[in-house]
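Just below sit the structures, each encoded as structure tokens.
There are two complexes below, and they share subunit A, which is joined by subunit B in the first and by subunit C in the second.
Presenting the complex of A and B:
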């Protein structure tokens, strides 16, 4: 759409700007404050320069939780995106099946995150949980509170359960926006199912898939409540992702300086990845 | 082939329903049954857990608190985002692209980063432990999202609509409320759905900003779990009840979800 230049449009944006700035800039400045200073309470601060940043960048604890975070995010993207597309492709296109699928599939999205964690905890407990009990009955030695591999398996399965539907909803909406004429043309040309998918459906879904990947990346990178309730970051530190580690440092040990420095580094990583994505997305939009 | 298509969504839905069923199953059991036996359905069906939640005020006020701030947040977010999204979709102005990305960055900020500063900030302006504090803090991620979604919907409405209205002698605000907003109801529905959803499910900020008066149900649950031993049945009942508001919201927007997405960013 061709937009007209109108500086007065700023007046429309002011409420949003004020509300978000109120929430974002003032608290962010507090974090910056802590990141460069040492405090012993009572509003006494001493300048520390970049000491906390150096400490965090060199700390093995940070490297480990960052590594776990990236591994987790890649695994869940790798499972959820193809799975979501696959389910969206097989969903009914009309009739009573549509609202039934949509309503049932959206359910996990609207459950508070700590309830998701608690629910999966109960579901996966080796003695009284359905999943844990069944796996053990089948002969697997499964115990997510003690074995690292099982803890990861459960956390990933929980995230797949929780968020795949978002990818399904977005992909489904993308598929629905394809005109029937495209399919008719493909049928006349005798295109295979695979050709229809790669030549028509996938390009048409590009935009929604970018949104889906962006949202899933951001949210899985900030994941806190669900693994915290499910595993508490354990066994040991095996599932202590970045946010869990950060909260432990800030509120548990009250190491405000290093925690603030870590916050800024953390935020910067998310920002960088999302900026790359956003720029690519906008470029695609301009092309089309 | 036609029949086989039902297999994948069915299996997926069964997978989604299993943990929910297990939670419901637990909520109707007595504590002794949960601890001592493994049963696929309740042997001694009991409603005691639910009775406790509906009669004990620490439990049911938690629900009211949550609903109160979620509704407040949804209204604030959508009301503020409507004119802003209109500006982004119709006009070019100084710094518009940067502003849009800056807004989005706030959706990307991990709440864990903000938990402590939020606590200090809202305490210093005397809003700690109020519904307003939680509603305002959730604006941090809901307003950017609302602007993002609404902007998509508004861009899909042709500009000729605005121009025709002005030619017909409509003032801007009359056009905006009488013509424009009714045209994008589907978009507003979807936006409200997402604002409700993200505010309802968020716990970290809600928990940090409240103590007693505005404590959300989710926080009541975690605190109960840690203080009064592990009353699984009660916890399961409380958890099951948190699913209901979401289910009601989904039911109302079910027709918008598919249609709405197709009109918007897609």
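Presenting the complex of A and C:
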């Protein structure tokens, strides 16, 4: 059979191309443009090659905020994933409890980031906030605006409150899709509850958990609004995660070149971690 | 060894899933639960296994009341319609899993898994994971898991339903062999009459939560106690026609076809059931009673031809060996074997075979 040649078909691709160009390629290329040049305004640019990249890669400030970022992401994944699975396991499987739980679980997810930040800021204020005041009344010396440990504790607690639900909902969906016959077969074998969890539930949830971990990794690695509203990156630079540091550099100090180089490095780290993680998780899954 | 259900009943809310049932299954038998979907086969099996408790009634095993005894203590194994294996285990570990929990020595596990794997043609893939196998091999693994321990009761819930035609045929032929020389009771649920006939043993026909008839498979097939039982055990469905008997003459109510019968029953109106394969497109053996038909649908399935036709306001189905192409609307003669007619009274109970 001969295929007819019809170059007009390319026109059908144009809308997608234009869309992608405006929302991805052009902004990204602007950043790339800044990353290799120096500017003093008035549209005057000077070629700088890889200078900004070298500067960022060697900068202690960048290393520090990258370290804080990885630590934060690691802690919240370590808390949210097991907690989310645990809550999903205890949720009811039928009856009126199902919609009630699902709606309650979705609530935090529906609140905008800056509102969450503002809420927790007020909630945690040591003098008038319910959390802050109660902790102090219980004898803890708690002040998230001044003590580094308290600032981290509050930021992590806020993120756990905001996002654990996502893991719960994904895990719950994964658990509900396991056919009852699996549980019966395990019962016939005399398998323990722990064995059912590790040998049936976890393997069956592998795909949704991969998605949950990826989403939580990306979101937490790029977190900005909530800590910005809650702590503003403080006290000092204690909670200045990558994106907060980036905005400080770009808009606070107006170091456009290094900031552009940093955002590209930032972007490639996210991309690389996601790719490595996904490839590792899915390497035995091609056939199914 | 025997499994006995005594007045077993299962209700969920106001719905009755199983009506009061009495059934005794003997040692070393294959028992087929034959019935359409939602007829209660799975519920009945789960009650037999101890996965589910009956609302009323008792289950006795080896002259011992086991009602409410947990499934782990009952030494049963079960195979499902879905291919149920531990997703992260290799085929070997999957087959070995029921033995490991009971604490059998590892040498013995190795030897028994090897034997079962060979029986089920899995020897070459013991190191693979279930998701690397075809559907047929996954179900073979599940079967091996069920056979590896010496269960007293093996339950198979439509094990072939999710397989494609060729794999189903292949495994179906091996099944009877797998249960030979085993000291156990096998219960096999299916919707397909042909599977019941192939496996032999005993068959219980089920309809809407009731066991209609239980007996040797061939007896149940040849002497259905009622129209319902005959319908459950006939695929394609049995043809049903009203007839009138006076003396030794019988005739359909719809047309003037007549035949002689040796039936020694009162004159009057009856219903007759004719299995599709007792109506053929050619005169053969005892298929001699002629009936005229107008073709409605003609299908070829394998090397058999299914012809749906009308005669006297009734739709009929005939099944003949060989491939026949008929056009819709064709007029043709078909031939019936009056010896195989099954007669039912007005209450749809069996009266006698012709």
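Some notes on this structure:
As a working rule, the second predicted complex is superposed on the first by the 262 of 288 C-alpha atoms of A that agree within 3 Å, B and C clash if a C-alpha of one lies under 4 Å from a C-alpha of the other, contacts with A are read in each partner's own complex, and residues count from 1 in each chain.
Basically, contacts are C-beta pairs under 8 Å (C-beta built on N, C-alpha and C of every residue); 3 or more make two chains touch, one makes a residue touch a chain.
Given the structure is predicted, the values throughout are model-derived calculations rather than measurements.
Once the two complexes are laid over each other on the shared chain, residue contacts for A:110 go to subunit B alone; subunit C is not touched.
Contacts of A:203 after superposition: subunit C is touched, whereas subunit B is not reached.
In the superposition on chain A, A:141 contacts neither subunit B nor subunit C.
When the shared chain is aligned, subunit C comes close enough to touch A:185, but subunit B does not.
A count of residues in subunit A touched by subunit B and by subunit C gives the higher number to B. The part of subunit A that touches subunit C in the complex is made up of residues 179, 181-182, 184-185, 187-191, 199-200, 203-204, 284-285, 287-288. Partner subunit A is touched in their complex by these residues of subunit C: 46, 49, 51, 71-72, 76-78, 80-82, 84, 86-89, 97-98, 101-102, 129, 131-132. For subunit B in complex with subunit A, the touching residues are 5-9, 12-13, 15-20, 22-23, 26, 34-35, 38, 40, 76, 79-81, 83-84, 86-94, 96, 99, 101, 103-118, 120-121, 136-137, 139-140, 143-144, 147, 155, 159, 197, 200-204, 217-218, 221-222, 225, 232, 235-236, 239, 242-243, 245-247, 249-251, 254-255, 257-258, 260-262, 265-266. For subunit A in complex with subunit B, the touching residues are 1-10, 12-13, 15-17, 19-20, 22-24, 26-28, 30-31, 86-87, 90-92, 97-99, 101-115, 118-120, 122-123, 127-131, 133, 161, 164-165, 169-170, 172-174, 176-177, 207-208, 211, 218, 221-222, 224-225, 229, 242-243, 246-247, 250-251, 256, 259, 263, 266-267, 270-271, 274-275, 278.
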